[in-house]
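Supplied in structure tokens, the structure appears directly below.
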Amino acid sequence: MNNSKDADDISHWWRTSIIDMAPGKIEFRGHPIQDLIGNVSFPQMIWLMVKGNLPSESEAKLFECALVAGVDHGPQAPSIAAARMAATCGLGLNNVMATGVNMLGDVHGGAGEQCAELYIDIAARIDSGESLIDAVRSGLDAWRAEYGKIVSGFGHRFHKPVDPRAPRLMALVRETAEAGTVSGRFADIGEAVQEELGVQRGNRPIAMNIDGATAVIFCELGFPAPLSRGLFCLSRSVGVLAHGWEQMQQGGRNKGPMPPRFLPKYEATQEQ
Amino acid sequence: MNNSKDADDISHWWRTSIIDMAPGKIEFRGHPIQDLIGNVSFPQMIWLMVKGNLPSESEAKLFECALVAGVDHGPQAPSIAAARMAATCGLGLNNVMATGVNMLGDVHGGAGEQCAELYIDIAARIDSGESLIDAVRSGLDAWRAEYGKIVSGFGHRFHKPVDPRAPRLMALVRETAEAGTVSGRFADIGEAVQEELGVQRGNRPIAMNIDGATAVIFCELGFPAPLSRGLFCLSRSVGVLAHGWEQMQQGGRNKGPMPPRFLPKYEATQEQ
Amino acid sequence: MNNSKDADDISHWWRTSIIDMAPGKIEFRGHPIQDLIGNVSFPQMIWLMVKGNLPSESEAKLFECALVAGVDHGPQAPSIAAARMAATCGLGLNNVMATGVNMLGDVHGGAGEQCAELYIDIAARIDSGESLIDAVRSGLDAWRAEYGKIVSGFGHRFHKPVDPRAPRLMALVRETAEAGTVSGRFADIGEAVQEELGVQRGNRPIAMNIDGATAVIFCELGFPAPLSRGLFCLSRSVGVLAHGWEQMQQGGRNKGPMPPRFLPKYEATQEQ
Amino acid sequence: MNNSKDADDISHWWRTSIIDMAPGKIEFRGHPIQDLIGNVSFPQMIWLMVKGNLPSESEAKLFECALVAGVDHGPQAPSIAAARMAATCGLGLNNVMATGVNMLGDVHGGAGEQCAELYIDIAARIDSGESLIDAVRSGLDAWRAEYGKIVSGFGHRFHKPVDPRAPRLMALVRETAEAGTVSGRFADIGEAVQEELGVQRGNRPIAMNIDGATAVIFCELGFPAPLSRGLFCLSRSVGVLAHGWEQMQQGGRNKGPMPPRFLPKYEATQEQ
């Protein structure tokens, strides 16, 4: 390859620590691809790519639980509905998947990220000497000043009283902590937040939802907050793909949100 | 829930065999989510969602190899470059991932699908009584009549003479076939196509690339051709996420394809 | 700027005839931007950018009619529904618009392109000596061999018997042809196709729809077939924006395709 | 149509004031489409769709200037580069356009929105009794507390000392204000912000850029701040389409950000 200043600048513009390539050579984070294929699990590969090191098997096992838990929540989720509609518009599965994933914005995909921010902030407050309960209260105050009253990761408009994914995930975090793989401190923090929220609602318990539980896992495993969103998107991509493919097999052309015989209601305004 | 004709029609419009929900209940293909979390691997979950049944561990193991193999091919791939640029434009990781995955169209993401179509067609020709070599030749003719001269799944503009992922994957297919998990017929077909292509180029061998090898795996495991594209998109989403996240940490605003001091070359035309 | 071979190669990799830039200078197709602003209409600017020259005012006027006609078809269109749902997911208007436009694939956005291909092919057959009716018949045969029985640009599943946009557009094409701005040959071709389709359906007339009519306009004005898709996407972007914005003002979070009290119907399969 | 409670709920879920449809009938904001086609300009149609009323011709003329000004800034813009790369990946123009527009996030497409927020806030401060200069100073303080030091709409990393679009647009705003079509108050505010920023930089003048100038126009015309982003996306869609189409004609497959002979620089980290 050329070594001019220009060539160096160009190469450096696209510098990466993820992949090293030459003809016949592909290495990820220093590991030749042929050594990874067949030897590491898909979750381990995801971890290696995103975080830079290979996790132990027990770390990967807990990580995998979070990936399994978030794959889908059905066609009432806008991301899934949009993907299914896209599948009837003559698009490839790549475009179908992109359509669905694109919609996992602050309101949905961002919930895990925002919840992880809260947990990490509370942990920092504890490290600075606050008690757990004080850190939870001051962390919640600070978080709400930025994001508003409703705390991401808790409560569910549909799954009442309990989101079946959260208690299962939390039990697995506790098992993994007992085995010494993770510390369990974010499980403590998550449950303390849950309890405090219940108290603040006049002692009406509130459930932890999937975002609250997977954020505990991703924090226990050392992932920065934005990756709670990214990893959720990866997980939900599975459901997007499954639904897009199912819709392709069901057929349909230009599928709208409701059967064609229904029409949107027109509401005249005075602006006309 | 309401049982009017209208309500039934609406529900039916969004019918699915993937997920069954009620408050507190999430079941995928008949399996409660809490039974899946911690008990099935992420590749098994992907398979369940997309294909409808739970694979055996050895099936899942081969499936996983294909998912691991395709995660990334670096920033020279347009999907990765676009994702990294998107990460500097003030988008969330969901939008970054969508931007990258959207670009895995017919030319890239579609290669595995087209290659799987070829393999499946050759298999059907064999089932109709043709010999392997005849089926390969007539299959190639038919395929080229639709898609053109260059056969997807073989050759690589960068990895010469060998794409390091393909031989490793093929060795694992052979191992899995010996263990009786898969039949090995698509491995035979893939290698026969590869050999025939070499003969047709005047006895200059051509390498199988990652699309050719993963298509063998997905066909061995019974996935329809379009899922070779969909599953590749899922795999490549990992690299898109990893690169988008790395770029976010490197920083930058409105990152273009080359350092700002370079300008695109303007070529005046006569149309003005 | 640097003039090394590397720098030249880089600049050439991104060569363009559309825009010429230097600090303080932006020229499109040879026209300084400050001369265009305030002096050319938005449709003229679109034409200049896409086609390379500035249209006359009467050309731009007809062009504008096609852009106005296609802006929206309401929330039953999957692109509009998806954009509205996206607007409740915490995305910016750019992501909302991308979500909608992405869905204008072969089935919807591609209809105009496919119809233009038919018209242009028929025109070529006439240029080769066939009569209009023979060219229409052979053109339809060839088109159907590639795209199937249903001819894009004709018939409408909702607007029966008439799509109100098409006759208005065709009248304007005829006016423009009488004024000598366009030839009117594609209007002839479009109407001959429409008539032949009616005959082939057992003398049951079929309406021309918006795709059939705008394809006539884009062909009259010399746009290649794929731009019938591209220009439609530009036009429909207006509706996508308007609906996304209206939804943002209506509010809602994670808006699904139907009110939350309705659930998709779960259909168990035997695969489980 | 059905009038059950369910049917009403469904229709109401997708209520809109933009479009009223029945077979053979399409009306936008109360205007039949056939009356709009050929009678309103494309900018008037955009305004009608987004804002709800028909603008006067002089309002539409100023509006049009902003739409013309923002169409493109060349392949060094990530949105344009991504669209051009997408065009070589086997995607339709709809997907190409979506890829480009999706990237117009907070850093790029959001600049106009943020600048409009600043202007509107300053106007509100003036309405509350502050002087122009006090309102500018306190408005800038409040804005920076939310968005950081660099004020959107001013300065340009490439166009130094002057962005050629801004002075032309501002001159047209002043002309339009003199004619009584707009008040000119946002032109005053924009220029006062520009001057104050120069003072704050130690009396080094700073240029207004296209976002600063188009935000003036959109504010003068009464558009809410988020539409400065949306309308910019509409305008830039033109350049995205033009570049995607030019790239399709140039050809290429899987075009990366730089010629294939250059490779990204691999930087090993210690994490491995």
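Order of writing sets the chain letters: A, B, C and D. Residues in each chain are counted from 1.
Here, a contact is a pair of C-beta atoms (placed from the backbone, for glycine too) under 8 Å apart; a residue touches a chain by one contact, two chains touch by 3 or more.
Computed from a predicted structure; not experimentally measured.
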Self-check item: Angle (degrees, nearest 5) of the CA superposition of subunit A onto subunit B
Solution: 180
Practice problem: Weigh C-D against B-D on C-beta contact pairs and write down the one with more. | Solution: C-D
Quiz item: Taking each chain's centre as the mean of its CA atoms, how far is subunit C from subunit D in angstrom?
Solution: 22
Quiz item: How many angstrom between the C-alpha centroids of subunit C and subunit B?
Solution: 30
Exercise. Quick one: report the Å distance separating subunit B from subunit D, using the average Cα coordinate of each chain.
Key: 36
Quiz item: Taking each residue of subunit B in turn, which ones touch at least two of the other chains?
Solution: 2, 6-7, 10, 14-17, 19, 21, 74-76, 81, 91, 95, 98-99, 102-106, 110, 158, 257-258, 261-264
Self-check item: Sites on subunit B touched by subunit D in the complex
Solution: 2, 4-7, 10, 74-79, 81-82, 85-86, 88-91, 95, 98-99, 102-108, 110, 157-158, 253-258, 260, 262-264
Practice problem: Could you pull out which subunit D residues touch subunit A in their complex? | Solution: 1-2, 7-8, 10-12, 14-17, 19-22, 29-31, 51-53, 91, 95, 102, 257-258, 261-269, 271-272
Quiz item: Given the complex with subunit D, which residues does subunit C contribute to the contact?
Solution: 6, 9-10, 13-19, 21, 23-26, 28, 32-34, 36-38, 40-43, 45-46, 49-50, 64-65, 67-69, 71-76, 81, 84, 92-95, 97-99, 101-106, 109-110, 158-165, 167-169, 172, 226-227, 229-231, 233-234, 237-239, 241-246, 248, 250, 258-259, 261-262
